[in-house]
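One structure, as structure tokens, below. Some questions next.
Chains here go by letter, A, B, C and D, matching the order in which they are written, and residues are numbered from 1 within each.
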Amino acid sequence: MPQIISAPQAAALIKPHDRIMFGSFLAAGAACSLIDALMEAGTQNLHMITIATDYDDRGVGKLISNKQIKSLQCSHIGTNKSTQAQMNAGEIEIELIPQGTLAERIRAAGAGLGGILTPTGVDTVVEDGKQKFEFDGKAYILERPIKADFAFIRAKKADKLGNLVYYKTARNSNPAMAMAAKTTIVEVDEIVEIGQIDPENVITPGIFVDYLVKREV
Amino acid sequence: MPQIISAPQAAALIKPHDRIMFGSFLAAGAACSLIDALMEAGTQNLHMITIATDYDDRGVGKLISNKQIKSLQCSHIGTNKSTQAQMNAGEIEIELIPQGTLAERIRAAGAGLGGILTPTGVDTVVEDGKQKFEFDGKAYILERPIKADFAFIRAKKADKLGNLVYYKTARNSNPAMAMAAKTTIVEVDEIVEIGQIDPENVITPGIFVDYLVKREV
Amino acid sequence: MDRKEKRKMIVRRIAQEIKDGDFVNLGIGMPTEVANYIPEDITVYFQSENGILGVGPAPEPGKEDPDLINAGGGYITEKKGAAYFDSCTSFAIIRGGHLDMTVLGALQVDQEGNLANWMIPGKLVPGMGGAMDLVAGTKKVVIAMEHRDKHGNSKILKKCNLPLTAAGKVNLIVTDMAVIEVTEKGLLLKEVAAWTNLEEVKQATEADLIVADNVGTFE
Amino acid sequence: MDRKEKRKMIVRRIAQEIKDGDFVNLGIGMPTEVANYIPEDITVYFQSENGILGVGPAPEPGKEDPDLINAGGGYITEKKGAAYFDSCTSFAIIRGGHLDMTVLGALQVDQEGNLANWMIPGKLVPGMGGAMDLVAGTKKVVIAMEHRDKHGNSKILKKCNLPLTAAGKVNLIVTDMAVIEVTEKGLLLKEVAAWTNLEEVKQATEADLIVADNVGTFE
């Protein structure tokens, strides 16, 4: 059963050089209280895994503006000037990954797979250094799982077992990331009693959840 | 938007040698009206993809008892005497696949992946003839997607767009199979108007559904 | 015809490619506007890769929900019959070939159907986002772009020189000057915009063009 | 002690391995009975690979639901806080290492921790079902079986000769005679059933046994 802690307590679990997955898509579905607490804690040299670096002043991008991120795996940085600037200055190391491949690599980590073969990125720079396959005339590249020490997840509601439901397009990468980290911390609007979420509607079963944090922003 | 047809009309779409996926787990979540209609049609030499062959007189097993299945990919046949007998008599060709690998191979087909690497089956006969990989001291085998011409899906409810919700453990392989066939036919207890299923609770989006059939048994 | 009018013409023309019942993903920028030109007598469901099938029009002012956005970050509403899903399912839809069409912008396309739209080395590196998956997986890939760049150079080349998004996957190119189909034999010029003419299109195009028997017009 | 009592003893002993808050998958047959011996002061969530976390006890007669079953096809109920999911998510939980324990039956185990429990060539081929995934992925693999087969031969071997379910993945073997841990050095005999003794266990076991310093008893 997950432990209920505060955002600062969650942030205190993070050490320099930890690998953290951040659910979010252009700030929708970002765990804002956790991000703010991590900024407050000031932990540096973190590795960020996220879909996009959101905005300079909103979503996961705030941690980049605050210079806490040393390296980054994501699919898009175009909406965040700090990321571009730090990349150009050599202050941040970036692996750009096609968004569907990123999602699937995260899922593979959570599902215990050793990798997936995808046609995405074939004949582009994405295939560089990767093993290539051809079946029935179609080419695929082998993409390896992406794991993390922590996942910062945003859900709408959790019961005390950690069963989660999400809200509209704030769902995005959160369910996959919840499966793929050693420790999953979930920021929710509401924590309800066991039995108050219909078992048919649970998106992330509680087995994937380690900590619950009540959203404060 | 999916077309609403009868079970006999659905069965009439099937031709000998077609590859059909059948959602079901020991008869829970089997599309019984579709199976009965296919027995009535008597189409033979079919290839069946399913989790288990259920029972001789219940679930997908009825099609085996009725000698309509020429070849079979599944994870378990222990509950069906007809399957065992036809296998021993050389009348049916069987590929036994670990259940999680079966699910993942079906999903891979639906998701456009060229395969997945799984640790399941390493150092067993399952790895025979397959490409093997080792990463960080752990071994994996490459498993290829399983596609089909048709999927016979059982859901609880559909709206007229084909958005589906399931019922308890009748969900099982149905959502993955709904994604993986050229033509997906869904048997439902109830067809409701568009807008009557909460968008948050849709398990299979209508984009995967070609035909809806009202359950009659 | 000013630039704004030309862009409207492009998206209006692309809207005609969409059929009743299609599932379509619209890229960021100009492609997003295609949704505004769908005829009222057909039903189209728009997918957005951040996790929704059934994107509705922009909300009324004051009703924006920061957790209900499209892939460009724009506020949207939910169409009746919509479904939400996570990134994995979203890209299963995309990569798995379940979408009928995607409309994307481009920096360059070439006569082999190659597309470059995600980076200019040393200058602009926004990242590929979902574009590589969309182009790899969707049944019909339509490019919406201006025919020439701001220096007047052709964006339709014999061979792309920017890093590719995907090779050989583009099906149709719609610009402010022409409608061009990518065929096995090369680029087939099918329509010329009413404001220009065949000769001007040829001059504005670096790639080899095969001119269709009956070149139409669009406006 | 009759056979039925011995089987009860096995599952009772295995129940003691389960800790408060554990997520556990129980195999078909004898392992399923482990659920009946969980102490009341701990909370355990049982997963069944057909798509539920939070398996409750068997329903009252007349309340069976053919769409609410466990992996053995037995009727179950839904525990408060349960969740349903599809086969892919179910095996993501299993293969991804998220379960604390699985309890499975066996035809043979050996001193390298190999397990054979899915076929006897030319005789019985039920198929592996979910067993290969469970053994490959779960943190702790516990085997529940009788120590000897019906001919009196040891089922704990130096080397399995039936087709394997997985290699080197078994952690604990609980039989009607002994509790044996699979360690890097070999099989560590930790407990002997109260109805028998160390010498009888050794005689009934083909595999090499390392006898623990303080061999306990169980009953």
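Keep in mind that, in the parts below, a residue touches a chain if its C-beta (ideal position, glycine included) is under 8 Å from a C-beta of that chain, and two chains touch if they have at least 3 such contacts.
All values reported here derive from a predicted model rather than from experimental measurement.
Counting steps between touching chains, the shortest path from subunit A to subunit B takes 1. In this assembly, C is the chain whose CA centroid lies farthest from the centroid of subunit D.
As a whole-number value, the distance joining the C-alpha centres of subunit A and subunit D reads 35 Å.
Mean C-alpha position of subunit C lies 55 Å from that of subunit D. Computed from the mean C-alpha positions, the centre of subunit A lies at a distance of 29 Å from the centre of subunit C.
Shared interface positions of subunit D, defined as residues touching 2 or more other chains, are 52, 78, 84-85, 88, 91, 94-95, 136-137. Under the contact definition stated at the top, the residues of subunit B that touch 2 or more other chains are 104, 107, 111-113, 118-119, 166-168, 199-200. If you sketch which chains touch which, the pattern fits none of the simple shapes: not an open path, not a single ring, not a star, and not all-to-all.
Going by the touch rule set out above, the chain pairs that meet are A-B, A-C, A-D, B-C, B-D.
Listed in rising order, the residues of subunit A touching subunit D in the complex are 1, 107, 109-113, 159-161, 163, 179, 194-195, 199-200, 202, 205-208.
Per the touch definition, subunit A reaches subunit C in the complex via residues 25-29, 51-52, 74-79, 84, 87, 96, 98-104, 107, 118-126, 166-176, 203. Those residues of subunit A whose C-beta lies close enough to touch subunit B in the complex are 104, 108, 111-119, 133, 135, 138, 140, 142, 144, 165-168, 199-201.
Contact residues on subunit D toward subunit A in their complex (touch as defined above): 21, 23, 43, 45, 47, 52-54, 78, 80-85, 88-89, 91-99, 136-137. Within the complex formed with subunit A, the residues of subunit C that make contact are 48-52, 65-71, 73, 78, 84-88, 90-91, 94-95, 125-133, 136-137, 163-168.
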